[in-house]
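Two complexes follow with subunit A in common, the first pairing it with subunit B and the second with subunit C.
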Partner chain A sequence: MTALLASPARRPGRRAGPAGRVDWWAFAMIAPAFIGLAALYLWPFLSTFFKSFMDIPAFGPGEFNGVKNYTNLVGDDAFWRAFRNSALYTALVLIGIPIAIALAALIQQISRGRGIYRVLFFLPVVTLPVAVGMVWRFILNGDFGLFNWVLSLLGLPGQYWVADDRFTIFAFAVVGIWMGLGINLIILGAGLQGIPEELYEASSLDGAGRIRQFFSITLPLLTPTIFFVTVITVISALQMFDLVFIMLGSINNTALAGSKTIVYLFYEAGFVQFRQGYAAAIAVVLLVVIMIVTAIQFRLQKKWVVYD
Partner chain B sequence: MTHKWIAATGLAVAAGFVLAGCAGGPDSDDQPSGDKVEITYSVWAGTQTPAMQEIIAAFEDENPDISVELLELPWPQYWSTLQTGAQGGTAPDAFWMLAQQIRPYAQGGQLLDITDAIESEGVDLAMYPQAVLDLYDQGDGKTYGLPKDFDTNGVWYNRSLFDAAGLEYPADDWTWDDFQETAAALTDPGAGVWGVAAPLDYQGGYYNSIYQAGGQVISDDGKTARVDTAEGIAGIQFWTDLQAAGSSPTLQQLSDTDGETMFEQGKVAMYVSGAYWALKMYDNPDIQPHVGVAPLPTGVERATMASGIANVGFAGTKHPDEVKKFLLFASGQKAAEIQAKSGAVLPAFDFTETSKIWMAAMPDFTDLHVFIDAVEYAVPLPVDGNAAEWQGLEGEYLAPAWNGEVSAADAAKAYAAAINEVLARD
Partner chain C sequence: MTSLSLRTVAASSRHRARRRGEWRVHAILIVAALLMIVPFVWQILTSFKTNLEVSSLPPTLSPADPTVVGYETFFVSVPFWAQFTVSAVSLIMRVIGQVIISALAGYAFARLRFPGRNILFALFLLMLMVPSQLFMLGQFELMKGLGLLNTLPALAIPGVFSAFGVFLMRQAFMTMPKEYEEAARLDGAGTLRTFWSVMLPMARPMIAALAVLTSLYAWNDLLWPLIVTPAGNARPLTVGLAAMQGQFGTDYPALMAGALICTAPLVIVFLVLQRQFFEGIASSGLKG
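Showing the complex of A and B:
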């Protein structure tokens, strides 16, 4: 931030005002935003970072304990299980992206009532997560849930989707995809509208069908949007907490022990076990994991994202 | 360059003050209207809310210069909200506390010491059940709160399902064997009825049977887990046997739909729990006519867990005197009578007398005395160390035994090691 603020003064030729002076009004105008950012993001981040090297009781000051939180974390089976759960959930939620692409392309084909579909798909995004969790708990109930009833009609065996830790992550993924579909549709829909109509006209003159057009024009030109959607989906999936909390946390659910995600573990360490230093270490590790995963994605995008 | 920096920083700081001023505006008002002292009282949402509102109204009548605002929080958020509030100095002035949660708050100096108020107001501690006072005793000679209610466990049972199975209602002195046999006899897979709900539950479940087997959960010095002793294992096995016999829905089923709901739906014939369900069942016309209560079965000895909610104050409150006054009132006689009359909960104050009012509030339930009789053999809930933490680990270590994947002994051993690790940190 300092470098960013200082650079205009060092290079007056580039960013100085008309009279050759630094326009400090500009800094004044961004100051409220910067202070907000510093107070709400930068400071908590730094404080979390420092706390991760401390042993902090429930209340009162802590003491420095070096990298003990991190070494404990590496040796904690619960952490690795949560890590696997989060990774599995993230991988599963990515299935939602092809679904969103297909739906966005289909909605784009509709000439009338496009808005209605968008609203319908967007509704889960603006619905209270608590309500979503309750409804899905009911749908996925092992004994009288709608989902198992549908399966029974197809001759398939039902499962305790939200009460058996072999299945809970899959249940979360279904709900996660459903909740994220609306926002992905809006973003991908905007991307679709950015594709020039002439390309479709020209290709249909050349005899390309709808399917061919989708794979040869729509998909390649949509890749920057798909890339963006993938990056934010992965980040939010790695941070998933609410579905565990709402769908398993409210009653005495024994599947919870095997269904915790990284952020749930963070919550539990910080707010149930009062081990704030340990919780901070989990948060820092998660941040590093997200940074690495995102960096890998940016590296890989060169291979598949088409920028014209 | 430097002076421009100073100018920019100065403006930024000024803007910061403006922002802070905006944010602090509504809250920083320390002089409420009409010179009344305003205090907040935080509880978790449930059937007790109307009684709490009535208690507040009664308190405000007696103390026109104090007004109390009730803050109701959903149970899943209650403790995390309280913790962050206490850390940030914005916790409610008075709030409900559970024995398994009090330790970190008391150790961390977050609770208002009301010892002086108890002395100056001449509160007679003998009016409260000793088992509950012991629960909240932190061994530092200070009193942080007084219990507002009290609960023991009994066996809620569905008379109609007993009748349908042609069984006698449970006798007062029934044994573990009677219980297991009754549960098996009540189970009718064809009708979708199970004899009992055998969830993995500490307060309403295996702690009771561990003490009934003559065991302990934690050693007297509070330093070692005792769930892996022969008695502890027997107490756990009481429940895993019910699961193995198929007398109970599986843990998965009970995780989807909790035992109390299944009982109200007539799907389980017996449900072991506290008096705090009485009002909910009484208000449900589908289950109300069928409900009976029996004492817990006797193992080697009789035992039931006893616990209760305490009213405590926040050490950081701006109005300690008013808060103390309210805490004593909310755990005192008038509040006890209001709670009893509402039926929502058994009051702690003057238990033998106020419990009569409680029973009279639900005249169609004729067995409620079971919960009061149980006081004779009530054992305080074990709450050593950060109890909420080691209790939270039970699912991980004990569920495999309930599911029949490992023996009760192996599960108990692994869980004891995990508890010891938590206790060692205290």
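Showing the complex of A and C:
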């Protein structure tokens, strides 16, 4: 998905190899990839669809039960709670995009030290998400966490960020933004590199200041990249699992029940409770949700993305 | 000529204008960068504190009485080297397997003519768009059927095959000039020879990017290892660290020490191969 979106930026060469001649070596070269694709992706994909219409006990063969898994899902409060949590998390994580745009534009402005900033902002990306979750669980601790202490210095009341399900999703979002900033920064930085310098020179001659240049040149020309970053951010946010598992799940935190995301529910149904049919239905619903949200974004892009 | 010199003047004056205001930009960036690294600094400081000091109010900044008890607890309670080996070996298996398989298929899709090419490639693209959870039930079943649960191959095998890798390598081969290939053919080199000794070396930058992205993903992956190592054997560091947290949920110095040690290998690789990381991300936008 992601690379597909990026493809317009690069110009592929001519499509065919030596004209006219079929090269049978091609099949040998594709065979390993295709066998893997068929066995580990195509077949599991189809079997997930079948399973979503089946009742599968932990042991023994399953049996067809129509749309029962889906009707159960619709009637399950836990599912709607997870759906709401994932939606809220995704919406909140989008706040990271304007932050990344501002930082990318600032980094573009400076003449020295770009590399150092990039490295510093990228560090969370190469940190184990498990470690990230552990560190932030500690920082956001309600009793002696660093974050509440900083809030108290500012005269603000602290909260049990990772122990009260009214706040957990917000806590995940802070961590999610922190973790994703480095990636967005690099992609947006590459987009900024692609804006021709002449445009700035011309507008400088017209007397445009840097702020005006940002809004009249940088931002419009960056919209294709911003669109791309938004799409991949939404897709990955809708699949968030790690933070729930690390910050609440693996330690049996009582706030877990109200803080599960769609993928957490999938993991629990499929691999803890072994309700495979139900888990399959959750996965299919996730696919449909991602497809709808992405399609809507592609629809809306016509209204704000500038293509030249 | 005139327009050229005008442009140079404009460019240099713009450059000077930039320089003058630059300290303000640096000020903002430094504050932002500090905010970004606070969690790391706090993690390092905490790892040298005692468990008592960690829960004191107000929090102490630097350890009052620096100790390595946290690190000792971590190494005693987590089989670090065994799990490190699992993480590293499965990462290497995934990277090597994926690069070879993706490069072969990517080259065929980009440069060779054969019946069914478009349909086959469309299948790969289709799988690229599906979230990974849709494959997990079936992949788990397959690993279980092959008796591979709780083994290294179960961790590595699904990651060896990647529609994304095939796509990336196809893009790389498509952008290459055809002349080299045609010259090799004229010299009598066959398909495999042309691929191996002419085209593959030219694809090195993209291979590096793919290898780096695969490493990042393999090292950080949690959900799949969690699923295929139910018995606790052949666990990678991610699962081991999570399990340690379940056991020592409130021993923060030990947890911070463990998180630090498990993160360090990839951070070191990143610091050495920065350019490949950035190029990989910029060329593909892979997330998580």
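The criterion applied here is as follows: the second predicted complex is superposed on the first by the 274 of 308 C-alpha atoms of A that agree within 3 Å, B and C clash if a C-alpha of one lies under 4 Å from a C-alpha of the other, contacts with A are read in each partner's own complex, and residues count from 1 in each chain.
Operating definition for what follows: a contact is a pair of C-beta atoms (placed from the backbone, for glycine too) under 8 Å apart; a residue touches a chain by one contact, two chains touch by 3 or more.
Since the model is a prediction, treat every value here as computed from it, not as a measurement.
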First, second, both or neither for A:196, with subunit B first and subunit C second: neither
Touched partner set for A:124, first subunit B, second subunit C, both or neither: second
Contacts of A:143 with subunit B and subunit C, given as first, second, both or neither: both
Contacts of A:268 with subunit B and subunit C, given as first, second, both or neither: first
Partner chain in contact with A:32 - subunit B first, subunit C second, else both or neither: both
Partner chain(s) touched by A:255 [first = subunit B, second = subunit C, both, neither]: first
Dominant toucher of subunit A (residue count), subunit B or subunit C: C
Touched partner set for A:24, first subunit B, second subunit C, both or neither: both
Partner chain(s) touched by A:160 [first = subunit B, second = subunit C, both, neither]: first
Partner chain(s) touched by A:286 [first = subunit B, second = subunit C, both, neither]: second
Residues of subunit A contacting subunit B in one complex and subunit C in the other: 5, 22, 24, 27, 32, 34, 36, 143, 245, 250-252, 267, 271
Residue ranges of subunit C touching subunit A (in the complex, touch as defined): 6-7, 10-11, 13-15, 17-19, 21-22, 25-26, 28-29, 32-33, 36-40, 42-43, 46, 54-59, 100-102, 104-105, 107-115, 117, 120, 123-125, 127-142, 157-158, 160-161, 163-164, 166-168, 171, 174-178, 181, 185, 190-192, 195, 216, 219-220, 222-223, 226-227, 230, 237-238, 241-243, 245-246, 249, 252, 255-256, 258-260, 262-263, 266-267, 269-271, 274, 277-278, 281-288
Interfacial residue positions of subunit B with respect to subunit A in the complex: 1, 4, 7-8, 11-12, 15-16, 19, 75-76, 79-80, 83-84, 86-87, 104-105, 107-110, 199-201, 251-258, 386, 388-389, 392, 395-396, 399, 402
For the subunit A and subunit C complex, residues of the former touching the latter: 1-7, 10-27, 29-30, 32-34, 36-37, 39-45, 47-48, 51, 103, 106-107, 109-111, 113, 115, 117-132, 134-136, 138-139, 143-144, 146, 149, 178, 180-181, 183, 186-187, 189-190, 197-198, 200-201, 204-205, 210, 228-229, 232-233, 235-236, 238-239, 241-242, 245-246, 250-252, 263, 266-267, 270-271, 276, 279-280, 283-284, 286-287, 290
Complex contacts: residues of subunit A adjacent to subunit B: 5, 9, 22, 24, 27-28, 31-32, 34-36, 57-60, 78, 137, 141-143, 145, 160, 162-164, 245, 248-258, 267-268, 271-274
